[in-house]
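What follows is a set of structures to go through.
Two complexes come next, and they have one chain in common, subunit A, joined by subunit B in the first and subunit C in the second.
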Partner chain A sequence: MTSPVLTLKDLSIEFPTPGGVVEAVKALDLTIEAGRRVGFIGESGSGKTTTALAVMQMLAEPGRVAGGSIDLGGTDILALNDEQMRRTRLSRVAYIPQGAMNSLNPVMRIEPQLWDAIIAHEGRLDRAELKRRSDAALESVGLPVHTAQLYPHELSGGMKQRVCIALGIILTPELIIADEPTSALDVVTQRQVMQTLKDIQEQIGSGLILIGHDMGLMAQSVDELAVLKDGELVEHGTVKQILEAPKHPYTQDLISSVPLVGGESFLNPDRRAEAPKRESSEPLLRFEGVSKTYGAVTALHPISFALQGDTPQIISIVGQSGSGKSTMGSIMLGFTPPTTGRVLFEGQDLAKIGASQNLEFRRNVQAVFQDPYSCFNPFYRVNHALSYPYKRFGLSQGKAQTQAAMEEACAAVGLDPDLVLPRYPHQLSGGQRQRLIVARALMLSPKLLIADEPVSMVDASLRATILSNIYDLKDKHGISVLYITHDLATAYHVSDYVMVLYKGHVVEAGPPKAVIGDPQHPYTQLLIASIPWPDLQRGWGSGLEDGAEDNIASAAPAFRGDVAGFELAKA
Partner chain B sequence: MSRIPRSYLLNRLVTLVLTILIAATLIWIIPRLSPVDPAEIALGRMAAGAGSVANADEILAQLRAQMGIDQPLIIQYFKYLGGVLVFDFGLSTASFPTPVSALIAQALPWTLGLMVLSLVITFVIGNLLGALMVWERSPRLVKVAIPAAMVFTSIPPILSGLLLMWIFAAKLQWFPLTGSYGLTVEPGWSWDFAQSVIHHGFLPALSIIVVTFGFWALGMRGLMITVQGEDYTTLAKAKGLRPRYILYRYMIRNAILPQITAFALKIGLLIAGQVLVERIFAYNGMGKLLYDAILDQDFPVIQGVSYVIILMTALSVFLVDLVYPFIDPRVRHEAA
Partner chain C sequence: MSNFSTDDNVAEATQPMTRAEKRQARRMRRFDNPWLNPKLLWGAGLLLGIVLLGILGRILWNLDLVFTGSATLKLPPVGFENLRRQPGVWDHPLGTDGSGRDMLALIVIGAPNSLFVGLLASLIGMTTGIVLGFTAGFVGGRTDDVIRVLSDVMITIPPLLILVVFQSAFGDVSLTMMALLIAGFVWQSPTRLIRAQVLSMKQSGYVQMARLSGAPTSHIMFREMLPNLIPYLFGSFIANVTTSIVTAVGLEVLGLGPQRIPTLGRTIYEAINAGALIQNLWWWWGIPTLLLAVMFIGLLLINLGLDEVSNPRLRRLS
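Let's look at the complex of A and B:
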């Protein structure tokens, strides 16, 4: 066995606050051998990022190491002074922070951001030498050399994350800490970036700590797993041990919370609600040759479909970022006017809707967005956020009735109204906030809900709960839902019909059991192959095969079966 | 300039011309809403000087013709617009018949010298101090001293001016009490004159700096706190960069961007804002010119000074718009 690159002994981290000392990490013991990949898994607040920051000596104020030791390849990290620690960062331990979207200085080109890292540790080197090393680093993560001359905003999310990885390995550290490096990326890009990270880590033979909350991603990426809950290490072992025989109930929860294609559903459809009585015989939502172009870029090619809405249905729109799925959602909500074609809601053209009809339309069509953190006005308590639209749409019949409606809606999404209503949004977790957004939509009894990536920013263990809330909207309240997502596994379970979007075209459509269970189009196949499974028997592939792109572009769209109540014009 | 898209340039240029046109129109309309007749004021001043005036009606008509206010409004307006383009604002009514442009040409260099210099100094000091308030490596003393110094920000400039005058001019006699330059030196490009100008300008400049640096420091502090929480600052630290380098190249470099826009807007406000400072130091700048013109109801001068203020603001905003794509590459992207 090689010598350990990192030894944590009895590590405790605390945050003294006016309300008392919060113990973020409690008596953590862990050893990481050179060349090993160790996953830190747990929910937000479990102490995984805090532990990583302690190793970097970058704990946010007022956090401090209360006890124990951190040994990095024979160096006692806690005994280093500021300057020694600065020299240790990146050269011996690299940290790739969460949120690659904003991790690069927006006013500097990529090249100087690679150079300044080298210069900070090795002094001013010869220009040609700097250039050679930065180009080598970029090439090693699969980026073209000209990327060096670009600004961060000119790169895609996947490219930015690769630049961060290039930075992480440019001084060949003993240990790399990657904090949810792919949480902002779609499945296809996630697989490619993870593969790059694994390859390069193997090449330089460093240790790797991968922080995350997705058991599937962990299973496909690391050798060992450390399961953290409330600052305590509840389980540690090889991936194989933990996946095959999880000992702690929390670990079991984490494994079972990953929605799988096929297998058992996490939903329990108990009763089917009738759709609300509709006066109009027109379909609920109709797209007539709708397309959208931004300058020379076509976000959405002409598409026509009709959602009848007589029986409530969930229609999923899946694809990776840039596929045009969010543009479609925005067109449905009337926020983005289509370049060609018409969008009709109950026979009414959205482009010609009047002010009073607009109010009616807004009530009938509600939305749940990706980011539950920015959806609330931080100045108001939850009960204001919930009651305001209710009153504004003229549904309120007095205070008591509004209160009752709020309590009912909270209960419907599994929240305790007494606990959440009097609070401010910042006092609630992301999962709670997202459920409140669903509750808020429910109070208005809309006919249609547009849910754009409603669970991509909440912890994996909460995704199932929120999706069953959304499923209940259809099942118990008779509301039709358009579910926009990149996550095929959840689409498989909740939807009645699935459309797969690729560069603004529908490439495959039909019932989920056919489209996702047995994909025909190479793009759908790629999406499904990119899903990391919490199953070691099932490989993940590299995602870097050549020619896959051409194959996808040339394949004909596959239309699978029809579902009553939803008609897609097959182009 | 090839890096700036033409559409962006055209857009800003149209904005510039429209701003100036609308502002010039407003400046023309507002005094005409007043019931005061400038010809009567001029006549009143003559009467006050000479005791009495014979043929008052005739003189009044003559004055009106000279001032051009006997013509229909629409003609007055277009004549005015035509004049404004070549900086012809007519004749001052208070110092009749001196052209307004001559008065402004006399006052403007003083104001540009004193005010722009003090604004630049304030901008640099204020932003630096604001950044140091946030930087984690700042000595503790700095973090205590700067907020304490901000007490001065709540003092009106006229009071700080009087206070400085009393201490440094009246008591210590380090600096002259009033004036723009010494009575004994001949204005011109001589070292003596320059020395005298700096000597006289020091206190008015200091009184402006002392009361306005807090504006920049507080603004910068807020921006720095945001930047401090950005992921790129975290990554900069994780890269093991030197703290001072992170402060300049990562934190201040990003936080300063909105401050530069604010700087352009301040240029125009500065003349109006420093009227009283120029007044108490008897400093012969635009502020004093405006102050006196308001007291004398000298409309052509008020119009001329207001126009110059707007022109300066519009031009500096235009300049910042031109420079901005170079200091923030994301702007170029949006414009394209």
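Let's look at the complex of A and C:
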């Protein structure tokens, strides 16, 4: 055993607020050995980030360490003054932030930002020496040397995150703290970035704290796990111990809440509701050669399909960011006009819809968006978002009835209406807000719901609940759903039909058991290989295989059988 | 337990709070209701004082004293002597000016007038700004280009120059006319501010949600967006009142503006013109200046207070 790089003894952190002192972290004891990777896992608000920030002495005002000690490789962090702490940051303990997108200075090239880090700790060095070290740092994270001359906006999200890692390791610190470094990235990039981080950490032999809420990612990335709940360390042990024999019920919940491809379903389909009777025999939604280009960029290549809608179905559209899936959702909602082709809703062209029919169309096609935080007007109590459309669509029969309908919808998604409805949006968690949006859709009972990444910004432990709420819309209320996602595991469970999009093309389509259970197109295979499994036996690969791109581009699309009620034109 | 205050509960739960922490906690409690902000209250109090001066003065004081020659010339305020060794008298507690007008009557009429011009000009400017800003942000395209270029060009033109030309051409103008003229120069910054906010809000989730709810454009503009702009609008409004008063007083001190209606600026103009500075008639120009200072400090405090109300982070730092 090597000597510990970080020892937390009896650490407590509190925030004095007008309502009294909030204890964010309670009596935390933890030791991190050199060269070990430790995962901090827990929901938002569990104190993971607060602990990490305390190690950096970067707690947000008015937070403070109330008791205990932080020992970094023999130095008592709490005894350091500001200047000593400044010298310690980055050179001995580095922090890789969550939003790498916003952590780089947008008006500086990458190279001077790396140099700044060295100069701030070692004083002015020779230009050639600086260049040698910054190039070495970039190479060590797998970036080409010419990246140094680029501005942050010229890099992709994954590349920016790697630059942040390069910044973190440039002074070979004893401890690296990575705060959800991949939460804003899609699965394929996530795997590459995590691999980079693991490699570099092994190379310089430092300790690593990985903060996150995804059990699968943790299982594939760390040696030890610390499970936090409400500021308390509820369980700590090696990944193997925790995954195979979780002791605390909360840990068991965390593990079982991860949806798996081929695993047990988290849904409980109890009855199949009939779709509401429709007058027209036209398909509910029909795309006729729809495409979308933005200038020279083609977001969506011509695609044609028809969703009959006589039996409620969930159609999943899967792909990475930039695959055109959100553009497709926006076209369906009539927010973005297609460049070519027509979108028909019950035989009616969306482009030629009149004002009176528009209201009817809006009533029938509703959406759940990705970001539950922005979906509520901060000026109003949340019930405004539910009652306004209800009245607007003429469904309301008086105040009492509206209230009753809202309460019923809340109860149906598992929220306590008395607790939730009279609140302001900032008083609710992301999960509660997203469920309210689902409740809103339920209240309006549209014929079609477009769910655009409904769970990607919600805590992992709540994802299953929200998805089963959405599944119930189909199962109990007969609403057809278009589920847009990058997460194959959830698509596998909820959907009746899956389309995989790659750069605006459908590359594989068919029933989920075929497409996701036994992928044939190399892109689908790559997506599935990139999912981190909470299972140590299942390797994660490096994600850096060469030639994968060429393979994907040249492979022919694979169509894997049909489902009644949904026809995709095979082009 | 129930008869303990929150403070005691907190202290019991952890170690006793230090004095600095107690002060901080007290400050936070005081700001639980953000509108009870001391800066805001003081600012509003000062402005209210000016308004009260106008109302009570009209009731309690003889306003006929504002006419030329209604009293002895150049009398000092009570308790002072002028160069001719005349003491101040209680008939004219703030003294008289060079043509025998009572200073108290002058400010009773003049001070609210200056505030009125500022408020009216700012109100008109804001309304124009809201309409144009929303139109530009919402309609976009050509309309947006026209409005944007127009406001950008107008922002570069020095208002005093144009106003001097206008006023000399018009000769005598009424207060309302003057407010209208000034309003022509205070609509640009609210227009730009609101346009920028509308553009960013148009992309926000709740506006998309409202569109999904089949909301008409007017609902999106005035029920979804406008309420969230209120802090900006308030701040911008107060800043505009200050600008408008400064512009109005500037014109009046130059001898432009209304000729027959007493205003603070005109009083200062007459004082300068009659050589009040050389003759040591300090009350003639000093009292109107003091009132203007009170007005500006009041407006500044309101603006700072509103900033803290709408931005909780500033509140905690104070």
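Everything that follows uses one rule, which is that the second predicted complex is superposed on the first by the 571 of 571 C-alpha atoms of A that agree within 3 Å, B and C clash if a C-alpha of one lies under 4 Å from a C-alpha of the other, contacts with A are read in each partner's own complex, and residues count from 1 in each chain.
Heads up, the rule we're going with is that a contact is a pair of C-beta atoms (placed from the backbone, for glycine too) under 8 Å apart; a residue touches a chain by one contact, two chains touch by 3 or more.
In this text, all values refer to a predicted model and were calculated from it rather than measured experimentally.
Asks: After the subunit A overlay, clash or fit between subunit B and subunit C?
Replies: After superposition on subunit A, subunit B vs subunit C: clash.
Asks: With the two complexes superposed on chain A, say which partner A:Thr88 touches: subunit B (first), subunit C (second), both, or neither.
Replies: First partner only.
Asks: Just subunit B (first), just subunit C (second), both, or neither: which does A:Ala117 touch?
Replies: It touches subunit B, and subunit C stays clear.
Asks: In the superposed arrangement, which partner chain does A:Tyr483 touch: subunit B (first), subunit C (second), both, or neither?
Replies: Touch status of A:Tyr483: no partner.
Asks: Using the touch definition from the top, say if A:Asn102 reaches subunit B (first), subunit C (second), both or neither.
Replies: Touch partner of A:Asn102: subunit B, not subunit C.
Asks: Looking at subunit C, which part out of 115-123, 151-159 or 187-195 clashes with subunit B after superposition?
Replies: The listed stretch with clashing C-alpha atoms is 151-159.
Asks: Do subunit B and subunit C land on any of the same subunit A residues, and which?
Replies: none
Asks: Which residues, counting only subunit A, touch subunit B once they are in their complex?
Replies: The touching residues are 56, 58, 86-91, 94-108, 116-117, 120-121, 151, 153-154, 164, 167.
Asks: Quick check on the complex: what are the subunit A residues that touch subunit C?
Replies: Residues in contact with subunit C: 14, 16-21, 61-62, 66, 333, 335, 358-359, 362-363, 366-367, 369, 371, 373-380, 385, 388-389, 392-393, 437.
Asks: Name, in rising order, each residue of subunit C that touches subunit A in their complex.
Replies: Listed in rising order, the residues of subunit C that touch subunit A are 6, 9-10, 13-14, 17, 21, 24-25, 28-29, 31-32, 204-206, 208-215, 224, 227-228, 316.
Asks: Quick one: which bits of subunit B touch subunit A in the complex? Just the residue numbers, please.
Replies: 230-232, 234-243, 245, 249-250, 253-254, 257, 327-330, 333
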